[in-house]
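Below, each structure is written out as structure tokens.
First chain A sits with chain B, and in the next complex the same chain sits with chain C.
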Partner chain A sequence: MTTSAETVVVPARTKTAAVSAPVRHKQGFQHGGWFVAPFLALFTLFVIWPLLRGVYLSLTDANITGAGESFIGLDNYREALKDPLMWDALGHSAYFTLLVVPCITVLALLLAMLAHHIERGKWLWRLCFFAPFLLPSTVAGNLWQWLFNPGTGMINHVFGGDTPWLTDTSYAMLAIVVETLWWTVGFSFLLYLAALQSIPGHLYEAAKLDGANAWHRMVHITLPMLRNITGLVVALQILASLQVFDQAVVMMDFGPGPENATRTFVQYTLEEGFTSYRVGYASAISIIFFVIIAAVALARMWLLRNREEAAR
Partner chain B sequence: MGRPDLSRRQLLGGLGGLFVAGSFGFAALGTGADALASTADTRVRYWNLFSGGDGYNMIAMLDAFRAAHPDIAVKDSTLQWGNPFYTKLAMAAAGDRAPDLGVMHMGRVTGFAPGRLLDAWDVGLLAKYGVRREDFNPVLWQRGVIDGRLYALPLDIHVQLCFYRKDVLKKAGLLGDDARMVTVTSTDEWFDVLKEARKATRKGLQTLGLHANDQNFQWWFFVAFYTQLGGTWFDDARTEVTFDTDKATRVLEFLRRHVTHGYAVAGAADAEQFINGAPFTWEGNWSVPVFSGAKLDYGAVPLPPVFGREATHAESHTFVLPHQPDRGGATNEAAHRLAAHVVTHARQWAAGGHIPAHTPTLSTPAYKKLYPQNEYVSAMNHQATEPKVWFAGSTGILAQRVGPVVVSATMGSAKPDAAARRMKSELTTLLAMKNPMDGRTAAQGGAVA
Partner chain C sequence: MSTAVRPRRKSSWTPSQIVLTLLGAAVSVVFLAPFAWGLFTSLKSETEAVEVPPHWLPKHWTGQAWKALFDTGNITDWFVNSLVVSVCVTSVVVLVSALAGYGFARTEFRGKGLLMGVVMSGLMVSPAVLGVPLFTTVQQMGMVDTYWGMILPQCAPAAMVYILYKFFQGIPHELEEAAFIDGAGRWRVFFTIVLPLSRPSLAAVGIFTFIASWNNFLWPYMVTSNPDLMTMPNGIATVMNSYGIQWAQLMAGGLMAGLPLIVVFVFFQRQIVAGVAHTGLAGQ
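On to the complex of A and B.
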């Protein structure tokens, strides 16, 4: 049975490949264009065009109605550079990123290692670590708002004291970081788990034969083999954390937190555009933010390329 | 197994066809349903922001109007409260897709480009349907008048109240013979009341729900007490900030003292603790249905006049006519008729805790019987409101900029005098800022009474 099936299939495949290869190439080119066209159209409509429109609006004093806008050159950018609220908001987003990225990377790796090595109830661990990621941000935010409540919240109850987690400038951002770690670590955890599972077992066997202990195996096999995925996790987390918004506003009841301490850049942009109706100004600060994020992404690519070249 | 390409194509084609047919079907169903629902000649599209108990009351009032006026079909839409609502309303008006009738907070009307995004009311037409200027509190009516024309027809005022539990206050000896809370006329008296009330309060509950870390509530309380002190914001020409930092400091110190003396717990669930037995909470009058529904023995008075003069924070729901290039005719008349009907039949609305703006409603025996509404109806006569400038009003820029500063003082992360100075500097910045709707600063004109 198996033999006859192989004899039928293999020549057939070879024949198709050999005979129709040039034709396919031509067709593939045409079809490829058509297949990409819907994406290109949507990408142009929803990304390129809004971006260009945003750049234009940032040079105007447009309001939300779109009526009566006039070209004001770089005035919005000049104002933005002198706007303390914008710098504060940028500082808060950066501070959040600095706290979240290292914590989430280490935590995701530790959880992945745990889930990878545990034999009994493996599925339960994976589910526990990943499940919070499936919650909508409003649910996660409200949940942690209750947990951090100074009077009735579980955190003060368990750890004692009456720390004003959400209402004091020193703790508010930390509370949002803790919520974010719990809520989003599942995604990076999953990436790490997949990467761990793809490390060939014979490497560990060989190392064991050579007398390497568990620590050596981790430092010399696991971590180097995970280098690429770590780079990915860090990059994705930096980009996501810089754009922090929903969990912060939900936990702070849609306000900017104590003394504006948790107002993030995205939140400030939204406020300027949709509360103050200053669409031109909101566009200018989003372009500034776009440039910052693009610079971070490019810097990461450049560092990575340099490292790869150095490794060669 | 045999025809994967063919079947995939058929499948995709079939699904696409179904989708297109479905869309047409739904579209047809939509128009069909609308057409079937009403045989009326005139259709009024009405946008509001009332959800919860307010939404329930508004729907009941609309149904009453429909029953009384079968010739007018009311198509009402309830949208998300706050900035999303105002954004949508502005964009609809700018894009010539405005509804025939809308609701706004009075404080936001000045900044909403009256004359461009809003059309003025036809006062003669309103009078025809029973709405006359003399039936309203003159100060309230005047707030809706911009450049001499009425842009906002007030439906109610909603105010911040001091809710008190009669059972707890009785135990504390703070209930008068009339079963009402003892009168308070100074800050010292107020803190004495809190001290006594605390002794009668169950352990684990705060004495006063103050929303200490909520920027909106703190700002509203600030407006109330600052007005009690006779504080002002700007000069008449709106070229100078007249904000009095000494008075502001006194108010901020007063609010702060509740937290430092442990009467209010920051972040506590205020209304919930009240239901569970806390003696006081400062809440909006919209909490009346909640507390009445919980069958509490409670009363509600305006915020205590601790600085010697009655004043409590008030905002007002108003009817507006979003701008339509061709406003007029039967639909416009029907919009006037609907607004007039709701305003003059606001007894139902008062059940939700709001104080009807239409004064004849206030003097009806039915309203006078409503409790605790009749205990705080006097708030109509001493409203503390935000200044009449384009950046003020419910959840507007002023509240957004200054609210967090008040919170920082109440919570103790900023000293009251420093916070007062910051408030003044924010006010100075805002006064110089251009109104994005018309490109003018407050001093350069804009909406004026």
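On to the complex of A and C.
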């Protein structure tokens, strides 16, 4: 789930080429439409239309067969707001996000710095830290389900103790968080690594001449230069983590975990839609979820704009 | 690999380099340990795999889990399905998002601003957010349990359009103008000048799309229940688990599902890191 780069970034303010306007104008003003048409066709069918359809279905009592749905207004939303299972699921996704995002950001930065500064065998470090991300979520989930297995797994064997990782409410989510860190940190690691490589070397040389030590160079050059990429990593991770599903269900054998402790929001939506066949209700909670995700993304946009204005 | 061609600066083993390298090695061991555990488990017999206490190396090395995987499972079908789906998704996404990115970045047409805004808002919609309505839409189109149903809904990623849009904005206008003056049209300029220039960005978009599509679990899980149509991650997670887990076999299947991408990464990792830098994802 973390792979999709679902981010919202402020529209770039680049110089639009007013200079070349006459030439461009002559070259078929309307041609541009054909370039975007194929994408827009797919986008309309599989993004816009489902979104609109979701809004409509959320106002009905539709079931999975699609037969004979009737309009029931806002009843689904009223029910959702009073539904403890929905709030629990939302809480689990939020709790997961709160645990994962700070850990993954710091870990990715540290790994990237390590891989950036070691001079030998660069490709080897990259491969090691990125390889887990190349596994399908289900495979990574199964692997850690096996590692966390209380009796036959390696975690308890190596670290001692007999912690019931996957069957105890207080540990189950932690196990999923640990798996997620291992599995997805490689993506953010790669973003940080590319950003580190793009910091101009002369900045460090100038600082060295001024007598700055390694610590000063990191605090005054590296970290400020990485501020934008950190913003991006955090935003991508928040959006991806709120949508957690795969690893949680795989590690819990497609169930909601001990006493439902790991049932996430996406999982709850799908259970309502595909297991309870309540498509109308599932659509309503999907729309609520969409609004939450949109709010997070817009908040990020707003923060970025404020920061840009402050910088001016 | 192409790295060998470049003359390399000789690095010396200074004390700080030794410390960093040891640290890197220690962290790498932690990262690779789960892979090793999976690999060794796949080479045990099913009874040895579940012995308590667990041990790393098999006492009796055996390939029976791997053999059983091929004898009993539909693993080769799943592999082919994964390949078909990922290759189709990647080709369509690269083509369609390059066209759209260019259209938004470099051409003018009525309603461009509005459409761009709509596409950007699409960044927030994914099968995770609107899975149920997306499923009923695909159901209406009669594409449940078909290749079409698995492939097409993965083909409209606004994020890739945005990445290429940003990249195309950075190409100097002079390059295009010279061609326009020589009488070339938009399409010709796009295919003969812009696309060849964008190879690293297109490669990055293609590789990340391929990874995402090969590993995609949620959408194929929703849209197929027919084991013959499943992709690797789905077949392994849903079919193999449903018989009661056979750990050695499950680990063998998992490694088979993960291996292709790891091989791809080993060969293309320089391009992948360069592509991330090049698309401006990291450097903004």
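By our rule, the second predicted complex is superposed on the first by the 281 of 312 C-alpha atoms of A that agree within 3 Å, B and C clash if a C-alpha of one lies under 4 Å from a C-alpha of the other, contacts with A are read in each partner's own complex, and residues count from 1 in each chain.
Methods note: a contact is a pair of C-beta atoms (placed from the backbone, for glycine too) under 8 Å apart; a residue touches a chain by one contact, two chains touch by 3 or more.
In this text, all values refer to a predicted model and were calculated from it rather than measured experimentally.
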item: Touching partner for A:Glu259 - first (chain B), second (chain C), both, neither; value: first
item: First (chain B), second (chain C), both or neither touched by A:Asp168; value: first
item: A:Asn63 touches, of chain B and chain C: first, second, both or neither?; value: first
item: Partner chain(s) touched by A:Thr105 [first = chain B, second = chain C, both, neither]; value: neither
item: Which superposed partner A:Phe274 touches (first chain B, second chain C, both, neither); value: both
item: Partner contacting more residues of chain A (chain B vs chain C); value: C
item: Which superposed partner A:Leu190 touches (first chain B, second chain C, both, neither); value: second
item: Chain A residues contacted in one complex by chain B, in the other by chain C; value: 64, 66, 151-152, 253, 274, 279
item: List of chain B residues in touch with chain A within their complex; value: 83-84, 87, 90-91, 93-95, 113, 116-117, 206, 212-216, 265-269, 273, 391, 395-397, 400, 403-405, 407-408, 411, 413-414, 434, 436-439
item: Touch list for chain A against partner chain C, complex; value: 1, 3-9, 11-12, 14, 17, 19-20, 23-36, 38-40, 42-43, 45-51, 53-54, 57, 62, 64, 66, 111, 114-115, 117-121, 123-139, 141-144, 146-147, 151-154, 157, 182, 190-195, 197-198, 228-229, 232, 239, 243, 245-246, 250, 253-254, 266, 269-270, 272-274, 279, 282-283, 286, 289-290, 293-294, 297
item: Footprint of chain A on chain C - complex, ascending; value: 1, 3, 11, 17, 20-21, 23-24, 27-28, 31-35, 37-38, 41, 49-54, 56, 92, 95-97, 99-100, 102-104, 106-110, 112, 115-116, 118-126, 128-140, 152-153, 155-163, 166, 169-170, 173, 176-177, 180-181, 185-187, 190, 208, 211-212, 214-215, 217-218, 222, 232-234, 236-238, 241, 247, 250-251, 254-255, 257-258, 261-262, 265-266, 269-270, 272-273, 276-277, 281-284
item: In the complex, chain A residues that touch chain B; value: 61, 63-68, 70, 149-152, 164-169, 253, 255-260, 271, 274-279
